[in-house]
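Okay, so subunit A shows up in both of these, paired with subunit B first and subunit C after.
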Partner chain A sequence: MTASPTINGIAAGSSPAERRLLRTAAPQSGFAPWKDPSKQPIIRFENVTKRFGDFVAVDNITLDIYEREFFALLGPSGCGKTTLLRMLAGFEKPTEGRVIVEGKDITDLAPYERSNINMMFQSYALFPHMTVERNVGFGLRQEGMPEDQIKARVNEAMSLVELGKFAHRKPHQLSGGQQQRVALARAIAKKPKLMLLDEPLGALDKKLRNQAQFELMRIQEQTGTTFVIVTHDQEEAMTVASRIAVMNQGRLEQVSTPGEIYESPQSRYVAQFIGDVNIMEGKVVSLPGDGTVEITPASGDGRIFKAGACEGLSVGQQVWLSVRPEKFRISLDPPQSNVNVVKGRVDDVGYLGSISHYHVHTEAGNRVTALRANSSHNVERTISWDDTVWLEWPAESAVVLKA
Partner chain B sequence: MNSRFTWFNVTAIVLGFAFLYIPILILVIYSFNESKLVTVWGGFSTKWYAGLLENEQLMDAAWITLQVAFISATIATVLGTMAALVLVRMGRFPGRTLFSGMIFAPLVMPEVITGLSLLLLFVAINFDRGFWTIVLAHATFTMCFAAVVVQARLTDFDSRVEEAAMDLGASPVGTFFQVTLPIIAPSVISAWLLAFTLSLDDLVIASFTTGPSATTLPMKIYSQVRLGVTPEINAISTIMIAVVTVGVLIASYMTKMQSARMERDRRAADAAAN
Partner chain C sequence: MRKWMVIAAPYVWLLLFFLIPFFIVFKISLSESEISIPPYTPVFSLSEGWESIRTKLGELDFEKYAFIFSDELYTSSYWSSLKIAAVATFLTLLIAYPLAYGMARAPKEWQPTLMMFVILPFWTSFLIRVYAWIGILKNEGLLNAFLLHIGAISEPLQIMNTTTAVYIGIVYSYLPFMVLPLYASLEKIDGRLLEAAEDLGSPPWKAFWQVTFPLSIPGIVAGCFLVFIPATGEFVIPDLLGGSETLMIGKTLWSEFFNNRDWPVASAVAVLLLLVLIVPIVAFQWAQQRAREAGR
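Coming up: the complex of A and B.
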């Protein structure tokens, strides 16, 4: 994790939207091994495909994950993220392709032959007939480690998850949050190089989940283990991960840092999956060559949208412009410029204290959402239902999407 | 509450229980009969129970029956558990329907047919009939009952627990003995008890497969009854009823206590967490 403790401290009590902004604003430390061509990945999926009968769960995925990363596989259920994780653990065998961990081809190894990989299960899968202590020590006992060493390692793992006083309880005597920690301690006790987490916090309520996310980050940092987490919760992925792979129907849509995923999504799917977004359809009219692109909206009323160009655009191509709600400047007076402006009528206002949501029906017939911070300087006339408003945004905050 | 005690409900209960228990009740009462005549009440006595201990033939038969039941129930439980594991775990494989059908067919197979076919088999392979042929025959016919009991438990068994064990380095065999077996142990014990009781009171299959050296208790009782019912028979039957009743009561009490304790613990843990 790259965020400093201060940032964590503030973020813990803030809303998810603020947390995202904080993270984006946080200075990037040097941890970006995926940008360093000399680094060898700890995990490499090479053209991995998994079919169950006719159903393609994982479709020709090639992916590198680096040491000490907290890597999130994010997507809706059935997108193949769990299958990908289970191939790392050894519970599923790829139909095609290879899985390489620490330079070794482990495609055909059974789960119990992968001693450097441990998994934390979605439903925790604790052994109901064993005490917490026996559960945590189970993996070490399989290695034939002497009992006194097992005891030391078990204590270490249990103090890491702050579970010491429950050592002699059985799993059914623990609450959900405590069970989740036992599952974590059990997987971490063997000090694996690679820790797999399958929806680890899915069964916790929201408040507990937020706490647990930061605890996972702390443990990942303290142990220096590479974590791969599967989740369908975009906020969770944004919070914990160093990089996120957004998956859709067995394919990787985008693999980037949380900030890049949010600020520069590569497809409408990713833009809509992470946070709120306004998507406007249009056509490329010109490429001035200064790194920008000019687009006319599909409604064709002669207005021009300007945005930073992405690679491989050509004049006449159909594209989509994505603008986050907080990037709009909403005003009651027409702005000076005619570029990157849409006119509309306010349909709905949602007042949330620090911010307000405006649902605007544009002239072109779209519904877009704009956010405005209710800062004390806002002494101008308040915007209300049925007001005619102009939405303006800076060219650099709009993203052009080709798909 | 009172509205439930309609004349119809009461009649149904009385009739049902009367059908089930009057024959047994009469048997138990007459085991304490002073008179030698089974149908004439001659006052209370426990002399037939004392007499049992001196009846060596009956005692021998009881001992053989217990041995047969113990060994055959053990074999049946091992084989039945293995069959249940295959049926639940292997998913779909060619011939699965046939295999499961064939395991459960003996449940409804007439005992006479099972007994006869086993007899023919033992004769064909020239196996000396006696103690061990009864054991094998009983293991064969109680195995499917054991498989049904264990399979019911395995169906709602969370297979992720086994995956977790393997993920932590346990081999498939290690996983079975350290995780699966301890968790399904209550149903394996029930399966064993069921097989044991079935073997204990089987007459038909034992009669087909026995030799001159081995006579089980049901066979002994049956042959004595043909010569006339004595209060001794009533006495030993009463003992068998008592043993089975106590066993069933203990088993159900234990199950009930265990689930109640788990429920209480879970509530306590949730309360502590909140």
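Coming up: the complex of A and C.
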């Protein structure tokens, strides 16, 4: 899993304990089974479609997820991510297509027949009439495991989530964070091959959520279980996931590592969904053949943007250039080069301590956002409202999007 | 001042319509019967002065209670009432549970309609509905005619004037009181709990006994009390459907008042009935309180 601490700001604000967790949870570099053609995926969705009446919740998705992955399904509500997860658990049956887990077609198996898959539910779904201990042991009791073994496994699961002393409480006597741990322990107690998490941290406040994310990573690493998490929180997905599938209207927009998703999104949708981004429309004017592309902005004032080319571009094609706010260099003086520069007027300044946001109204009529770190060595004049500024960016930090 | 009025209102209500009538009945139960109007002595009269009231108070005794306990008719009436009420409550539960479960599982937009069907019988008088059962159950009634017609029986079943008819009447009349609390507790159960049970390896029928049933116990308890308490003192149903064969305390009470015109004994029977019912009523209150605390 490639956590991106600099993006979500956790490394800066985290406690030493969290940083330690981050290190222990960091995977052996080179964990990328999806790049290894000899690896068999643990989960395979084959042309899976799910319709509810006229509504297409999941639209012909084919997706492989590999063992020991922490896979995130990310998207806005109604994008089909939960339906996809529920098809793995067995609560929904695909209208078309097959779901294969560990080489076995499980499309038609009922949830209770999928003994190697367990789910942690949104808002936990703890049994209110049972103690924590009974909740955690519920799955094991269904298997008819002897009581002394159940006790041992329950204790193991509870110590994994650091919840030992609450064994005899009822769920309503626990805080939200404790309930979340019970839910996790209950799902993990059966030692599933595959753990499904439906918005597992949605009910926690922000601080607790950050902590819980690292804990999920620790537990995933310790148990070696494959995790599939559904979330609408892009920071959460970026933090925990080895790969992220960004979903939109039942389709997969992009399936990549968090780093790739952020640095080289394949569509405007993905670029805009993950972090802040400035999108500028333009047309391809030339492809010099050195792996770059020259683009003229849609406003057509003769300026040229240069960027790394992607496949399948042709001269005259409409494209979009995406530049992250932190990639801009904002200055009060015109830069020497005329490439990858826009001129504009500062509309708004947001001072956030370590960084400042600048909303710039460009000559072409776009509104773009630039970020600048407020380092102590910054001797330049402060930039203020209504200043005329130039925004410049290196060619390699702009991404050309075809859609 | 306003606050006191709000607090006092229910107590004044209780005093006027429960405690004072109760003490009147209680006082009669301590009197002697006599052929007069009213049919008991002594009758207090303020015009005769305090002295006479004091001597008359001295004439009161608990003799009638001793009589009730010595005569088997009364004890077996109480006993049989409790038994009939308990069996009828259980039968009502058996019928109401699937009904309430079906209602709670029905599509949301259907539930208000189904609820209305359950409440619909209340739109007609209770008495008329019980009379209607006579038409169904009697020997030449609808049920027997139907069974004879399809050839299931060769001669009419004697259902009227048996305890069976009383069971049918109680189950029918008190069904809504069982269905509504059951529905309320079943409807509250989060469907995800059942999904979680299934996910953890419990097939649906097992999940019902492990999750749905235990979570519906407050509804079962409330429904059983709501049926059992009024059914124990029921008069109309055993009188109209049970005939002479069924012994229920409500009927005994009625005949004591109106056939025997022995008001003191009848009053003592009423006071004892109240005492008998106080036990389940207190238990009910306690269960409700506990359910409320668990629900927090």
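Note that in this section the second predicted complex is superposed on the first by the 377 of 403 C-alpha atoms of A that agree within 3 Å, B and C clash if a C-alpha of one lies under 4 Å from a C-alpha of the other, contacts with A are read in each partner's own complex, and residues count from 1 in each chain.
Here is the rule we go by: a residue touches a chain if its C-beta (ideal position, glycine included) is under 8 Å from a C-beta of that chain, and two chains touch if they have at least 3 such contacts.
Only a predicted model underlies this, so the values are computations on that prediction, with no experimental measurement involved.
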Room on subunit A for both subunit B and subunit C (clash or fit): clash
Which of subunit B and subunit C A:S175 touches, first, second, both or neither: first
Of subunit C and subunit B, partner touching more subunit A residues: B
Partner chain(s) touched by A:F91 [first = subunit B, second = subunit C, both, neither]: both
Overlap of subunit C and subunit B interfaces on subunit A (superposed complexes): 89-91, 110-112, 115, 117-119, 121-123, 125-129, 138-139, 142-143, 172, 186-187, 190
Of all residues in subunit B, those that touch subunit A in their complex: 158, 160-161, 163-172, 174, 178-179, 182-183, 262, 265-266, 268-270, 272-274
Residue ranges of subunit C touching subunit A (in the complex, touch as defined): 190, 192-193, 195-204, 206, 210-211, 214-215, 296
Residues of subunit A touching subunit B in the complex: 89-91, 110-112, 115, 117-119, 121-123, 125-129, 138-139, 142-143, 169-170, 172-178, 186-187, 190
Residue ranges of subunit A in contact with subunit C within the complex: 89-91, 110-112, 114-115, 117-119, 121-123, 125-129, 138-139, 142-143, 172, 186-187, 190
